[in-house]
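Take this structure, written in structure tokens, and hold onto it; I'll ask about it next.
Here the chain labels run A, B, C, D and E in written order, and each chain numbers its own residues starting at 1.
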Amino acid sequence: MTSLQLTSPSWMIIPVILPLIAGLLSFLLNRGIFAIALTAALANLLAVSILTCQLLSYGPMRCHMGGWQPPLGITLRTDGPALLMLLMTAVTGLAITLYARGYFSYRILDPKRASQHQHQQRYFWPLWLLLLAGLNGLFLSSDIFNLYVTLELIAIAAASLAALSGKPASQLASFRYLLVNLLGSITFLLGVVFLYKSCRVLDLDLLHNVPMNKPGISAALALMSVGLLLKTALVPLHFWLPPAHANALAPVSIILSALVVKGSFYLLFRLWFEVFAQLITTPALNVMGTLGAVAILWGAIQAMRQHRLKLMIAYSTVSQLGYLFIAFPLARIDGSTQVWSIVIFMAMAHACAKSAMFMVAGTVFLHLGHDRINDLTGIRANLPITVLAYGIAGVSLMGLPPSGGFIAKWLLLSSALASSQWWWALVVIIGSLLAMTYVFRVMSRFFVIPEGYSSAKSTPPSPLLEWPALVLAMISLFLGLAASWPLYILSTGNPALAQVFSGGLP
Amino acid sequence: MKTEEKILRQAQNRNKRLDAFQRLLLFLIICLITALGTIIWIIPDDTPGLADAVVSMQEHSGVESSVTAVLLNFRGYDTLLEVMVLLLAVIGAWSLAKAPFPRQVTNTSPVQMGVVRLLVPLMFLVAAYLVWQGSHLAGGAFQGGAILGAAGVLLLVTDLPCLRAIPAQLLRIGLVLGPLLFVGVALFCLFFTGNLLGYPEETAGWLILLIEIACAISIGLTLSSLFAGGHPEYERPQSNNPTESSGNGEKP
Amino acid sequence: MNWGQWLLVSILLSSFIPGIIIFGVPEEKHRLRTGLNLCGSILKIVLILAMDTGIYFGHNFEIRLPLIPGVELLLNGDPLSALFATLSSVLWLLTTIYAVGYLEGSPNRSHFFGYFSLCVTVTIGIALAGNLITFLLFYEMLTLTTYPLIIHRGTEKSLHAGRNYLIYAFSGGAVFLFAVVALQTIIGPTDFATTGFPSSFIDTHATVLAVIFVLLIIGVGVKAALVPLHGWLPQAMVAPAPVSALLHAVAVVKAGAFGIIRIVLDVYGAQNLLLLGVLPLLGGIASITILYGSIRALQQDDLKRRLAFSTISQVSYIALGISLVDQPLAVIGGLVHLVHQGLMKITLFFCAGNLAETLGIHRISEMDGVARRMPFTMAAFSIGALGMIGIPPTVGFVSKWYLGLGGLAAGNWWVVLILAVSSLLNACYFLPILTRSWFGKQQGPWPEELYVGRFETRLMLLTPPLVTAFIVIAAGAVANAQISPLAWVRFIVRKYGL
Amino acid sequence: MTPTAIQTILHALTLSLVTGTPLLLAALCCTPLQKAAARFLPCAAMPAFLAIFTTPINVVVEVPWFFMGSRMGLDETGRIFLCLTSFIWFLASFSSHNLLRKDKGKTHYLVFFLTAMAGNFGLILARDMLGYYLFFAVMSFAAYGLVIHKRTADAAKAGRIYLTLVMIGEVALFTALIILAHNSGSLALEDIAGVSHHPLTLILLFIGFGVKIGALPFHGWMVPAYQSAPIPAATVLAGAMVNAGILGWLRFLPLGQTSSSQGALLFVVAGALAALYGVIIGLSRKKAGAILGCSSISQMGLMTVIFGLGLLDYNAGISAAPILILYAVHHSLAKSTLFFGYELIERQSKPLSHLQMAAILLPALALAGLPFTSGAIAKTAFKELAVNLGEPWYGLSVFFLPITAMGTTMLMLHFISILRHSKSTGTSKNAEHSVIFPISLIATLTIIWLWPAARHSASHSLAATTLLQALWPVIGGCLLFLSWQRISFNKKVPVGVQEKQTGFEALLITATKLMQEKKWQKPQSGRLHSYRHRLIPHLRRTEKIMGRWKVVGLSYLALCLYLLFLLL
Amino acid sequence: MITTLLYSMTGLLLFAMGFFTLIVHSHPLRKILAVNVMSTGVFLILVATAYKPLGMGQIDPVPHAMVLTGIVVSVSVTALALLLACRVQETSNLDLPGRKKQGRIPEESGQ
């Protein structure tokens, strides 16, 4: 039973295996599905916390599947960035689980379409749990082919979830989403093939040490990057995202927007800045940065012109993803320390804020039956907490202090200026102004309560619908105040980062 | 009238020739292919690969076929997730629609029926053989499962009730059986060797066989279910009768 | 944490906690809400006075909360922050009383007062901010908390005004953020210090630092309504009167002006700025703003709009004074005008609100003879207006006097000229109001007489302007005494060693 | 506590009371105690008398906490002015008391009257610049309330002009004070002495105080204000408050310590023009108050000339200062007597009696410099000053003074003839009131003769040549007046002059109209709006195009190739 | 060597053809098939990497396993995609085998 000691690296399979089992059970069983899902989400959080403790005490860990060392076997590993992403997923996942429960319970109350809604709920849970397993697998895996499999797992689960609402629009969007994911995966796989052809290894750590002078590796990186860019919906390739995210059920939108795109991005980022860091050239970084800048502006401008809340939030995702990419050209100042913290912070803050926003959109939709921005007035009287959550999440999206988004933006700006690339800083600033515009377009509607509006006419909101949103929004807000903790985790086991934070926790 | 003709002519032209965009696309694709082809050309073929590593570890894997060893032992984790992908496809499919097939298929010809009646048991046999063979030659759970799936498809397109008679719950158990057993074995190994999927060397062969059998069954069912194209009709929740839903409605 | 740090925290919490509670108070529980509000305000004043005393006797108040390396939140009580905090908290109490009276019976009061309290929390935060990042934090939060107040009425017009306010304020904030980051990249942590950053940076980065200074000023200049950036302020007058008072006198515009002071005195420091030679720019912009605001004010018939343009003009006195940073007299004038302008303008807005709320008067052309109907209100208004013109012994004169002396001391004749012209223009747009209301004949019935009672209007509406008007005169009449805004400002200037 | 300390406190108390009492009463008038307060109206000036008799010269009481550090004291000049001013205010308050019996705007009147009084006293006592400025402003603005007291259209117009000019004066004064304070480095009036004056300061001071005394370009308020203010208010305006301007010059440009030839020229020219201009426009007026106003413009012009002469050099300054004070005293007394007389006639129901006419003629001709009157003394002194100054200024005494004297004579006769022809509207005859005019008259006739400081000039004025010189302009004036009246008795006087006087107001109105809001903001935002609306379809279309598979495919391929190229 | 290259080039060609079809053709079924062709091409290249001429050493089993996994994944995704296409056809009343409408594919209308 040595395997269950705290020092054992086997703990890191829990976040993968547990949701997997829970997914299987929730598919198998007819009752108590929510209990299973909740247990899985909680246990997942617990396991990730244990992993965090492990990381802080013993540094990065590796777990060889079946005891086979690389290059033969598959390795899982924990390090700072992976753990932060896991934490983000676990926390958001728990909130999503709770919110989904509230969401479906509320919808089932509607007598007309109860059976359809029950059907949706029935399949939501296994899909979501398997998706969670896939995400955790993605963050932990250190094997490039295994990463491909997890990507596919995520893609299928996500596409099925996106189609869950049963509306034609959502199915169309989901179909396209699936095709795009397939295209991305195949390109990624082609990259893997090139990689294997050139190096004959699949393990990322081994790849890191392979001499990078072969053209095959470059081709592999290019192909994998483009595949992942497509999955991450960077701007010229973003066409699938808004319809898919906006037409899905609210809990699904949250999952897609907050977590799924982060998975592929995380992988891309890891490839660029860890595995193939030697290969990266400045022009390539600049291309990424430019695309990111275009994404920030284009996404925000599109978000500004939307008339539906969910579409607006979806375009806001397009815009926010740009911030992750604009960090690329700033990597070369002092190793890649800044860029890791920027990206991880941005991802975490965005995940929390965007989930909160989609939760709000979902709740509002449930209560009003629509999400037309111009007709949202008065909802504050019914859903004060929801509106508050929207406001706070909006603050984080805009990158106002002290939110996590601010810290990320601060880091972005300071790196940009420190490396005399002020134009990136300019884009960031303009982007946050545009974000202000679209966030407040909705906010101004929320604030107004028309004359004679009675708050009594609709059903009282369920706490499961309101509170997860608020809590997530608060987390995204206070991420900035507690910024030293994520950074500390990030620096653990990363020698370059550790130097910066040698003072330890303040 | 003229404009219509024009449009028609344009449409015809479009069908015949590639337009500018398509030519550009083609050009870019050719560029890419050329570049990638050149790269493949110049990649030296001298890298040793993992073959030697596999061979050297083969004896510890419990199976003789190197592909199966890689598939279920060295890279068993991949396979575990892959099985999940299959199951996910079913879940996704079931979430989308109900299957058209449980309805009676009417005009099946007797010849068809006869062929199917003959073929299906044979296919089961072949599948079982393939699974068994997997330990030392090419073959295994996926191949076996594929044959089983084909048998299932045959059963579905004819009027034979065998597959359709399976109750929904049982079908689910069947679908989940392989993945669940896989995970179960993986966890079992975790408890005994401290490694997920780290089979004890002496029982490795048997465990792999067990997994393969279960997976083959599940894969067969999965493929048939995917062919069926949705969740079984009788599986639909029964709550849509008016009395119950109105009872729900009164709750708030 | 020592007691000083607890004091700082409790100063912030004394309005934050009531604010949060008020959000949850049911609409009809009027007394509970008012009680919470008043308790919070009074407690805050007491705490801030305690802090002032501490500061006077040299106690050091400081809390640091590091976020990431190079970024930390720093609350710091120094004489300058004490000045602004005291002003805000005192005016806050009065505004609260006024707002309670003003909003009597109107909907969404919990919402309103909740944001009201948050707003003062943030303003005090601005006052106490010890570095540019903390300042930025509260500066942005100020925009957020005032926005719901501006659009409180929910009309299309107020939404429009709110939107413009946001666009202006956040654009300013964004420029500010950019500049702060740039500055921090060059000089490291931007803690406020009486001498500014080491002047060795000037040798190496002169141009960049000058550009950053301009950007910083643009950033805070939006809230301070410096001229090309002033567009939001006149529009924001659609908000209820207490909110206007808040915008013009207590929080927003003041925060901008305070920001200018901080940047000039504490971030850059007098010596550095003289070396950089960018101050004439600030002075020039301030002068243009003074004149422009006055001229535009002349053209307005809407009372609150006229007052708004007057604010634009008056707040730039502060910038003007600060731009002559090497002249202690000018700095005194600028700093003390921070307080004085607040006192006068809040009086004026209170009175404008009273007119609107009692008689439905919004336009100056409707004000003929109104002083007979509302003598006390108009008396207060007159005092405020005379103060704005700079008639002794009101506080307005004191500021102008020091500004003029400072300007001469710096050898800048134009400062005096600006002051003279501005005074004339002020007279041009204020005196007609006074003569109309006092000596004009009432033209027909009042537009909308909403209140008829024992006093000319509700007591809660009447008291605050009278109190502030009294302070306007009293603070001017005893300007040279031991305890007066001027004395405190002199104390500050001594601290800076000017 | 040492006796000196107690004394200091007592002095401080007395001096504070001088301004404090009127202010206190003014405050009381706002309260329900108004009636009682009104009864004590004449007492408001009492502490001033107290101060005159008890406070020694050159005691300076410092009140550091007040305003910007205030200093009070009574010097020789101050005492004279306080004496004069408090006497006129005292009489005027009696007169007001009478006026107020049945006035509706009593409260307003009382408050403004008392506040103006406080300001007037305060500025005399002030020993620092800002104190002077403070009380000067208080007085000026309070006087506005007096000017428009009647609430007629004329009064409102007069008030507007007054206020505009006062504002200009205030600003000029403020600017001048800043410059002075900057140059002297102190606020104390004593420290001004050593400061060399910039021409700008002189101009600013000329404007600042010139407004108050109606110096030439700033005279516009005087005529309408005197005409429309209630007579007691006009009395204090003409008798007491104008002196604040003279005192201001004396304080801020101390004669004998300041000299500036350009400044002197400015003052002399402006004063001389005013002296003539006042007479000319006065003759065209039909209202007694207006004529008195014009006469004030003219007389103040003479004083401006005296002050200008004093600025020529230090010696001239030393000799001009007492003459200026003398002239101010003379003019104040005579002018207020005239006003009181005017009021008496306004009030009474029967027409002007011969006795009354003679009584009024006395101060009127005193203004013109009739021998044996105070006017003769003042003019003689003036003439001597001009003679002593030598060549270019000598001409003044030869031509200018007689001409103005003739003018003044004509003006005064015009005034009396107007009085005679005016229909009296008053009804009551009042005991108190009938006392005021005689007291004032006696004071006018005697005070200068009894005044020790003026004795020298008085004795000079009695010389035979001087008498003759003083007499002929008066006689000449009488003759001229008679002939002028014959010519144009029934002719209607064009009112064009009056139009011209509102020039400032017209300027103001034009300026305001020019700046009328053009609503330029609206179309701009509208333009922006439509621009946005035009942009939105483009955005939508672009986004749609970007969503097509072929565009995505192309960009996908391009990105692939480009990255490949960059990474290779 | 030549064998590997031949297979690889064929694989690349398949990939290219699939990609072209995926982009140019709007019919959902064609798209799905195109993706399938693409993945087949990739598998072909992958399998080719394992090739060793007889006697040149052991054949690498890892690509085999990978291809197997890839095929299974591809099957699942294809199945799901087909189902989705059917659902889209059912629910949106769009003429799936229909003509091209100004270069738009049916799912474009969902936006």
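Annotations
Assume a residue touches a chain if its C-beta (ideal position, glycine included) is under 8 Å from a C-beta of that chain, and two chains touch if they have at least 3 such contacts.
Quick caveat, the model's predicted, so the values are computed rather than measured.
Among the remaining chains, those touching chain B as well as chain E are A, D.
Shared contact partners of chain A and chain E, listed by label: B, D.
Distances between chain centres, each the mean of the C-alpha atoms, put D farthest from chain B.
Compare each chain's C-alpha centroid with the centroid of every protein C-alpha atom shown, and the nearest one belongs to C. Centres computed as Cα averages put chain A at a distance of 78 Å from chain D. Inter-chain spacing, taken between the CA centroids of chain C and chain D, is 37 Å.
Chain A and chain C have CA centres that are 42 Å apart. The mean-CA centres of chain D and chain E are about 100 angstrom from one another, to the nearest whole unit. Residues of chain E in contact with at least two other chains: 15, 19, 22-24, 45, 60, 62, 69, 73, 76-77, 80, 84, 87, 111.
Each of residues 25, 29, 32, 35-36, 40, 49-50, 54, 75, 78, 82, 85, 88-89, 92, 96 in chain B touches at least two other chains. In chain A, the residues that reach two or more other chains under the touch definition are 145, 149, 152, 156, 159-160, 163, 171, 183, 197, 200, 215, 219. Annotation, chain-chain contacts: A-B, A-C, A-D, A-E, B-D, B-E, C-D, D-E (touch as defined at the top). Residues of chain A that touch chain D in their complex: 183, 187, 215, 218-219, 221-223, 225-226, 229-230, 236-239, 279-281, 283-284, 287, 301-302, 305. For chain A in complex with chain B, the touching residues are 1-3, 8, 10, 13, 17, 20-21, 23-24, 27-28, 30, 63-68, 71-74, 108-112, 114-115, 118-120, 122-124, 126-127, 130, 133-134, 137, 143, 145-146, 149-150, 152-153, 156-157, 159-160, 163-164, 171, 194, 197-201, 214-216, 219, 459. Note for the complex: chain D touches chain B at residues 550, 553-554, 557-558, 560-561, 564.
Against chain D, in their complex, chain E makes its touches with residues 19, 22-24, 26, 103-105, 108, 111. By the touch criterion given at the top, residues 21, 24-25, 28-29, 31-32, 35 of chain B touch chain D in their complex.
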